[in-house]
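So that you can tell them apart, the chains are marked A, B, C, D and E in the order they are listed, and the count of residues begins at 1 in each.
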Amino acid sequence: QDSNGGTIVVATAGEPDTLNPVLNYGVDGASLIFDGLVARDGRNELTPALAAALPDVSADGRTVTVKLRDGVVFHDGTPFTSADVVFTYRAVLDPKVDSTLRSDLDMLDAVEAPDASTVVFRLRYAYAPFLQRLTLGIVPATALQGQDINKSGFNRKPIGTGPYQVESWTAGDRLVLTANDRYFAGKPANRRVVVAFVADDNIRAQRTRAGEFDAAELAPKLAAGLGTVTGFTVHKVPTADYRGVMLPFGNPVTGDLAVRKALNTGVDRKAMVDGVLGGAGEPAYSPIPPTSAFADATVTGKPGADTATATGLLDAVGWVPGADGIRVKGGQKAAFTIMYPASDSLRKELALAVTADAKKLGIQVTPEGLTWDAITPRMKTDALVMGWGSPYDPDFVSYKLFGSKFAGEGYFNLGLYKSAETDKALQDGRDQADPAKRKDAYSRFQRQLAADVPWVFLTYLQHTYVVRSTVKGVQPRVEAHEHDVANSLWWNLHTWTKG
Amino acid sequence: MNGLAAHEVTVAYGRQTVLDRASIHIGPGETVGLRGPSGCGKSTLVRVLALLHRPDDGHVSIDGNPVTGARYRVAAAVRTRIGVLFQSPRSAADPRLSLADIIAEPLRATKAERIQDRVVELAYTAGLTTDLLRRQPHAVSDGQLQRACLARALAHRPDYLLCDEATTMLDASTQAHVAAVITDHQHRHGTGVLLITHDPALMHRWAHRVIDWPPDQAAPATAVEHADHH
Amino acid sequence: MAELTMPRKRRLRPLSWLRPGTRGAALAAVVLATAILACLLVPLLWPLDQSAVALDRINQPPTWTHPAGTDDLGRDVAHRTLYGLRVSLLIGAVAALVATLIGGAVGAVAGTVGGWTDRILMRIVDTVAALPHLLLGIFIVAMLRPSLGAVILSIGLTHWLSTARIVRAELLSLRTRPFIDAAISGGASRVRVLTRHLLPHVLPRMALATTLMVPHAVWHETALSFLGLGLPPHLASLGNMINDGQRSLLTGAWWASLTPGLAIVVVTLAIAAVAAHWRDRLDPRVRAELQL
Amino acid sequence: MSARRTVGRRLLVAVPVLAATSMGMFALGAASPYDPAEQYAGAAAFTATDENLAQLRANWGVDDPLPVQYWRWITNLVQGDLGWSITRHEPVTSVIAARAGWTLLLVGAALALVLVASLLLGTVAAYRRGGWLDRGLRAAAYAVEAMPVFWLALAAITVFALVLGWFPAGGLTDIAADGVHAGDVAHHLILPITVLAVSQAPWFLLFVRDSVADSLRDDHVLAARGRGLPGRTVLFGHALRTALLPFLTLIGTHLPELVGGAVLVETVFSLPGLGAVTVQAALGSDFPLLAAITLVTTAVVLTANLLTDLAYTAADPRVRLDG
Amino acid sequence: MTAALTIDGLNVRFRLRDATVHAVTDLSLTLHRGELLAVVGESGCGKSVLAHAVLDLLPANAATTGTVQFGAGSRPVRELRGRHIGLIPQSPATALTPVRTGRSLLAETLRVHGRATTDADTVAAEAGLDPADLDRYPFQLSGGMAQRLATALAIAPDPAVLLADEPTAGLDRPLVDHTLDLLRRRCAAGTAVMLITHDLTAAQRVADTVAVMYASRIVEHRPADEFFTAPHHPYAAALLDSLPDRAFQPIPGHPPMLTDLPAGCAFAPRCPHASPDCAAQPAISDGAACHHPLSVVGAP
């Protein structure tokens, strides 16, 4: 008789490279093994986790003080203290450590531990969404001190404070977790969790059908197929993950505002959601998802294609159809290339959908599937199907993607979009601590983007899961692009019960 | 010295020495009979004389010119001066070629002219009927195949002809026919013939000179007084 | 002597397999000819816009207007299959030929020259066999930039090993046969012995390898395309189509993947049947073979 | 040439071959268009700064000139250190230790199955050439060769796991099981091994069939029948024995194909083998791992080819062994 | 004497693409236990085909009619091969499985026919082969060694009927005698032997009866001593005459084409005694199939 319940088996495609938060595992929390100082609830609101309460931000926004929860112990029994927090964040900042998180924490100047239960973060500049960055899982200093973190055995058999501890990880096959009975938020409802890694969609569907999994992420159409099998429930979970076409300003055609606007109104987002995404998505008009508190409801459009308006826009500025139906203006043919990463079939399909829609407007688009190394040098002049988005804060991603400071740097502002208005709005959004002022800043940002159309936003995706109907306690929340072991539908797995 | 000769040749297969400093000489226009117990190395000697096997020691000379190397290393013009009739016609015929092709092959290899006519002529000489020429080795009898091999060996009008039991597959009449053909060829081209056979009557009738092999064990070469077969 | 004439050389009459009695081979030839003809004519009669999609008619089952249904972007599967055959057959056939030629040449040289040449060539074979094909493919495409030629080369240059070793092994065994001695003695050069006496014996095996390589090359094309190193994934090639269709296999739209899959299976079978028939005609022993 | 001398000579030759393959691997890797840092960062590559990525590359030394990297790798290798895998975040030795066994088991078992099945079926098909078994097997072989392995796997899973329920649909052990038990693993591996074997069988089957059919027409087979030997003895002891050569040859060169097939089968059946890791390593320009895998495959291929070459001389004594 | 092998009305035709080869025509013959029958005749007249037809080993393009019966039984030939009827094939060079040693071939044959594999050495020695040579592969054997190995393989099962197709080809005199003695000894033990040979001297030495074949038919079939002293058929006489120790002259004219045989006597075109009668096929009478048998022609 096992009062703690049995085993929950979930299946996912993506297998983490390591299980160490310092090396990017579950940095947005909900990693089952670790806790951050803060966590997010079912509405993605921050709640204290290893912090005793939500951290204190100083008036100038540059000092953040965290009081730690008492009596928390790691899986190995060592007590959790401020030294662990300091160690974790310093490790991320250490250039010798192979962490890409460093890019997100460039505001962080220093982490200190005045006493065993207090941590103080000192920032280089005020950064409004800083607390959102504190979801990073905390690793025990004692287990890693003095080691080369990049190569530590810890990365494969980690020790955390979370509801589950790692029993075994067979790479390519499964991760087996057992309940951490000393979990600070209470004993997990399930003794064991098995995360099965099944890369192929079809196979995952078949194995789910065979009854191997309690919950699995599936492609929308496959999930729909399983929805008709009794005993399974399908969950469509909204995300902040958008796809759109980046239109470079360096190209004479895409650089023309009328063309950009025409494309923006002329694409059939509804058809893409239904046809390409199998209904698992929503039309997108801005980089801030409608589920976000910062979304500006006025920045929207018609889900279907408004071809009449679009062609009107083009006619008005002198893009007139040539003999072959392709518009011409001043000797310039309305033709450009849309690149997509060849291995991403969703982006390929969106590129083709846009191509077809553009054709109706008299714009000739040539799709090209390429590897990133071939895409990179052409990003300044050729359009590209891109995607990103974060549900947690509008500053994430957008600041670098649309700020003129980042024009041409890495994969950030690829199209060399430059707008003083946008820069100002983005800067305000990160400088201001007051939520109302931030909301205003991001409204300005969204409206400016809608006016300049550096991107044609196409769709937001939805993640689809099937869950055995006997499982209780499933609570979908808006998800980020990345979701596998952490941050999936099973973010609160430790409270699920299986009837 | 004119003629085809092996000088002190030694051939060993692995540890077994088959020919041990053996010498032989076949003069132009001469028919040398060679006999010896089965397995004593006659066929091996033929392969050495035909420049198909490089002896481990010693060498072969043609008309006084020593030949170095064997097989492809020897110029085609030298190789074709020696015709060979192998002991087993079955294994010496490419199973994929028709008899006509088998006969034509040496001619084609050296880009001879009027190949077609020559093949017909050779086949006729060897006593092959037309219906056989289009067949492949598996569809003719051993004797018929042997005659095709004879035609092939005569294709280049060789100066030396090595017959390794060339007539064992043939009946008495055909044997006589073949002997006549070879002798005729010999007379017209001054060919030196090495004749290996176990048939004493044939040997007696045909060879000018008989060598018993291996030479060291047997009596020295005996000249036979031969009947008039001219 | 007048009654003796040189027999007429047996000439191959390429269409004679259409005689009754070889119905299987005739059917295969017709299928293959149709496929090739279709590949040649379709661009003229029924041009395809490779980037066209129609999201309003996705995943439609076969009907009269779309005899093989539509795929998950509303594209006509039958039309794209015809186009795909074009590209894939070209890649498959040329890559298979390249591989066979390289393999045949290496095997022939190693098997006839022997000695150090053989040793070095065989160790090169080992080396190439040990390097991951994917990496080699990437390297070749990286040098040549993705294009049809690069794809063909990258497949051809990685798949000649089996042929090389088969040819070499058979030649090693053949070259000691007395009929080779006879040919040498007849004045044949090394090259002539090779082409006239040795290679004809391994030709059936090489033909078999080539036949098998055609569909295999189509798979490699897909793998490369998927990595972005082959043809653009939106281009209609059989491999791309099967890849795309795979996602719909379990959702009921089986035709999107099955049609191109069937196309390659059928074409492969046709090539195999025609090749087998040709071989049997070239080897007369088959017709006269013994019964056990 | 004696077998011992051959082995000795091959061992000597193995050194330059291994050097050539590993060097070739580094050269290929350098030509690869993939950036290890971007591959490492995954999706984070799009939010990571250039400086961040550059630091990663510097940490790994992947920006060093090729000879430097190769030299570093060689010197470490001599000291028994195979290096660190960037893509797997593990020492290369432990990646290989944990996974090579499963791949070897999968490939080995499939190879054994392929060999036995294709020898048997190929010989029988050759014996009954022209009959329905022969035609059926050949058609099936060509069809399988033309079919995506993925279809085979999916069909096998649907039929044997879903409809009949005889075998599990994937994984190495039962999903709820703890620990690895031989019986459990065997039960899980039957389907993938069979799928891999079936997908690789056409070459072997068709080659055996063809060369046995050829040798069945030879005189010595006729003679063997004339001696009153039973059909099976004639078929396997005489016809097949003389026809083994192309078959043996295939084993050595088809190992890479078999490993390639294993990659697919491993992914489809979620088996923790080397296959998927190799692809990942290739895409991530993970030199140390690639080099190590290449070393392993080179060693396997060299051994396999040596064994098959030795087997030639046993199978066909007319072949004089060289090298 | 009991019949060990009875052939009745045997015809063998090979279908070629544009012709039919009449390899054996209307051949009837009885071979008794202990009898040694020598079959002689022009090369290509159908001797080996006869042997293969008896053993049912002809290729697929051959059409056979007529009956072949072994002893009194009626079991199919394929069950009798080896043990009841053995064959020494004509071309040992290709008839030996190239990838196996003589010993393994011989031991296998012995085992299959229920004899101890250790008998291999004895059997080889009986055939005149040095047992040490059994360990060689066929390609390492000389022509004569291969011949003796083939003989050993055929006698290993102790067949009741032995078809020996040129068993002495390529052997030196002592070995020829050894082989002939071997056959003779077998006959004495009750075996029926059909010796196909070109070596008329050998035939004369051991044969009880002689059958002469010409152009697919038996043209003469008589006791050996009678045959060698006075052949009846002009072809037989001409053949004996062309021996090297006699005239050593080929029979004039061309060998017949088996694809295009005349309706009557096939030898007529080359026969000095031919007459218009010869346009009809002669029946066998008095051991010879000829309209003008020599003993009659030459009779006083």
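Here, a residue touches a chain if its C-beta (ideal position, glycine included) is under 8 Å from a C-beta of that chain, and two chains touch if they have at least 3 such contacts.
Please read all numbers here as calculations on a predicted model, not as lab measurements.
J.: Compute the shortest path length in steps from chain A to chain E over the network of touching chains.
T.: The fewest steps needed to get from chain A to chain E is 2.
J.: Comparing centres built from CA atoms, which chain ends up most distant from chain C?
T.: Here the answer is chain E, farthest from chain C.
J.: Write down the chain pair with more C-beta contact pairs when A-D is set against A-C.
T.: A-D
J.: Among all chains, whose Cα centre is located farthest from the one for chain B?
T.: Chain centre farthest from chain B's centre: A.
J.: Using mean CA coordinates as chain centres, what's the gap between chain D and chain E in Å?
T.: So the centroids are 55 Å from each other.
J.: Rounded to a whole Å, what is the gap between the Cα centroids of chain C and chain E?
T.: The mean C-alpha positions of chain C and chain E differ by 50 Å.
J.: When the C-alpha atoms of chain A and chain B are each averaged to a single point, how far apart are the two points in Å?
T.: 87
J.: Need the CA-centroid distance for the pair chain C / chain D, whole Å please.
T.: From the centre of chain C to the centre of chain D is 22 Å.
J.: What parts of chain A, by residue number, touch at least two of the other chains?
T.: 202, 206, 371, 374
J.: For chain D, give me the residues that contact two or more of the other chains.
T.: 33-34, 150, 154, 217, 219, 221-222, 225, 316, 318
J.: Mark out which residues of chain E touch at least two other chains, giving numbers and ranges.
T.: Residues 14, 57, 59, 91, 93-94, 139 of chain E each touch two or more of the other chains.
J.: Once bound in the complex, which stretches of chain C touch chain A?
T.: 51-56, 58, 72-74, 146, 225-229, 232-234, 244, 246-252
J.: Tell me, which parts of chain D touch chain A in their complex?
T.: Touching chain A: residues 33-35, 38, 40-50, 52-53, 55-56, 59-60, 84, 87-91, 98-99, 150, 153-154, 157-158, 161-162, 165, 168-172, 175-176, 178, 266-273, 276-277 of chain D.
J.: Touching residues of chain E toward chain D in the complex: what are they?
T.: Going by the criterion above, the answer is residues 55, 57, 78, 80-83, 86-87, 89, 91, 94-100, 108-109, 112-113, 137, 139, 150, 153-154, 156-157.
J.: If we count contacts the way the header does, which residues on chain D are in touch with chain E in the complex?
T.: On the chain D side, the touching residues are 218-230, 233, 237-238, 241-242, 244, 315-318.
J.: Spell out the residues on chain C that touch chain D in their complex, using ranges where they run on.
T.: Touching chain D: residues 114-115, 118-119, 122-123, 125-127, 129-136, 138-139, 142-143, 161-162, 164-166, 168-170, 172-173, 176-177, 204-205, 208, 211-212, 215-216, 218-219, 227, 229, 242, 246, 249-250, 261, 264-265, 267-269, 272, 276, 285-286, 289-290, 292 of chain C.
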